C-alpha cells in the first residue's frame, strides 16, 4: 500500500492546458499514469514527470509509440486497476 | 483553387480528425480539389505502425492511407509539430510534404476548414 | 493482493467525440476480473450520450452504447444518466417523455435517469470513484 | 454597402457543450437583417445534437434547438444534419428509423438528414461559408 | 474531509463549469463538505459585472454567488491564473481565497473532481 | 473591399493550442475578430495581434471585460456580418 501518494491519471495531449497543470501538481511520492492522448507526451522527449510513471500499453500501441515509450513502464488495464486499488486517492485529469 | 482541411487534434482520443478526413474524401468524391494539413497534435495521424485493436477503434493510419486513392491532392505536415512529436521520415507515412511556414500554406488555398 | 474493493465509475466524455466510454469499459472489465465490484456507473455532461438507444454506427465499427448495455446487464450493475445533463441533451426516458409530453424516448436499457444524488451517494459509498473524461 | 450575398453556415459545436449554436443564430439573424440570404445550414460532428426534438432545458433557459427551428421555418431556410455524424450520435429521422429498425426517431423539423454532399454543394455555391466550432 | 471541485474552463464558451458548479451544490445539498478551485481560464468565472444577455445564457457570476448560501465551504482561486487574466481584488467576486500553491490545495482534499 | 486580406474568426481562449496557431498565421494585412472565449485574450494584456483587430461586444459584456477591451474596436453581430461580406476569404479557428 502506498497510501500517502496520489495516483494521477492523465489523458490529455501535452498541448492541452490541463496537461501542464497535472505535471505541476505532481509530488515526488505520487504516481502518474498516462492514458489515451496522454501517452503522446512520450513522443519527442516532451515528458518530464518528477515521480513514478506508467503508460497504458493499448494507447501506446494505437498511436505507434512503442519506440518512444521503451524506457517507460508500460501497463495493461489489469495493472491500471491494481494501481487504483493500491491508491486511495486518485485524480483523473 | 483547392480546399485545405486542417487536422490539429490527435487521433483516437478525439473523433474530429476522422470527420475532417471524411470532409476531404467527400470533396474529392465530388471532384473538388482538396488537400490536408496536419499540425499541432494532429501530426500524430501520420505515424506508421498504428495498432488500435486494444482501444476498439479502426486504424486512423489505414483510413488516411486511402487519401491518394480518393484523389486528395496533398498531405502536408507542419515540420515544427513533427519535430515536437518526434516524427521523422522513417517513422512517418510516405508521401507527406513537410512545410515550415503554415501561413503560406493557408494562403495557397481558397477555403481553409477545421472539422470542429 | 489488495482486498476486493467497490468502484463507482463516472463517464463525462461522449462516444464518437472522446475515448472515455471505451477506456471506461476496458477498465470496468479488468476491475471485475480482479475480483472487485462496480457498484454503479454514472454518466454526466456529454457522457449521457452513451445511453442513447438510437446510436447507429456503421456495422464494422464498435458500438459503445450496445457494448456497455450488454456489460451492465450481464453483471447486473446499475447505471444512471444525470437528469439535468440528459434532459438538456435530449436523452429521455418514459417518465420524462410523459412529464414533458415529448414525441419519443431514447434511453437504452439498463441505463436509468436520476439526479446528482446518485453520484454523491456513489462517491461516498464506494471505495474508489474513477472519472473518465473527454480529451 | 456590399451587395447581397449568400451564406452557408456550418455548425460543429453542440448546444449545452459549446456556444456555437447561439453565436451562429445571432450571426444568421444579423445576416438576414443586412439583406443577405442563407442558402443552407449544415450540422456536422457534435453540431448534429442541435437537431434533437427531445432536448428539454429548464423552462427559464434558452432552448437553442427550438429557437433554431423557429428561425429556419420562418425564413424557409433548409437545414441538414450530416448523416454519418447523426447516426453515430443517435440523431435519427423516420427513414433511418425504418431502415435500421430503431425504436424511435428524434429529428426536429425542419432539420433533415443528408450526406456531406450537401456541405460540398453549399460551400461551392454560396458566396461565403462560415463555420461555428466548439471552444 | 472535503471534496474539491475544480473549474479550469472559461464560462459561456464551455458548459462544463456550470456542471461542475451543480456537482458542488449537490454535495452541499447532501451535507457533504465541498470546496471549489478556479484555475487556468476557469478564473474568469470570478469576474464581477458579467452581463450575458447578449449571448442568451444565464449569468455564471449569479449562479456562483449562490455558493455560500448553498453551503460551499470555500472558493479558492489560483493566484497565478488570476494575474494572467488580469483579475484583481477590485474586479473579483468577494470572498475568494487566493492561493499560490495548487499542489497543497489538491493535497488538502480527499476527493479532487473535474466535471469533464 | 479588402479582398487581399483574410478574415480570421477566433473563438478560443489563449491557453487553447489553436489560439496561438491562429495568432502565428496572421499577416499584417489580415483582420482578426475575437468572439466567444477568444475575447478572454484581452484580459491581462495577453493579446498581441499584428493586424487589424475587432472583438464582439456581446461576448465582452458576458465576461465583464469592458475595461480590458477599452482600447479594442468592439463590434456587434451586424458589423461581424459586414466583415464577412467584405472579406472573400474567412478562416474560423
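Letters A, B, C, D, E and F name the chains as they come in the text, with residue numbers starting at 1 for each one.
Just so we're on the same page, a contact is a pair of C-beta atoms (placed from the backbone, for glycine too) under 8 Å apart; a residue touches a chain by one contact, two chains touch by 3 or more.
Please read these numbers as outputs of a predicted model, since none were measured by experiment.
Common neighbours of chain A and chain C under the contact rule above are B, E. The chains in contact with chain C and with chain F alike are A, B, D, E.
Distance between chain centres (mean CA atoms), chain A to chain D: 39 Å. A straight line joining the Cα centres of chain A and chain B is 27 Å long.
Each of residues 16-17, 19, 23, 26, 45-46, 61, 85, 129, 131, 133, 135 in chain C touches at least two other chains. Shown for chain A are the residues that touch two or more other chains, namely 11, 13, 15-17, 36-37, 58, 92-93. Within chain B, contacts with two or more other chains are made by residues 10, 12-15, 40-41, 54-55, 57, 114. Remark: the chains found to touch one another pair up as A-B, A-C, A-E, A-F, B-C, B-D, B-F, C-D, C-E, D-E, D-F, E-F. For chain C in complex with chain B, the touching residues are 16-19, 22-23, 26, 60-62, 64, 135. Put simply, chain F touches chain A in their complex at residues 15-17. Across the complex, chain B meets chain D through its residues 3, 15-16, 19, 22-23, 26-27, 29-30, 32, 111, 113-116. Listed in rising order, the residues of chain C touching chain A in the complex are 2, 5, 7, 19-20, 23, 26-27, 29-31, 33-34, 36, 127-133, 135.
Across the interface of their complex, chain F is touched by residues 8, 39-41, 102-103, 106-107, 110, 112, 114 of chain B.
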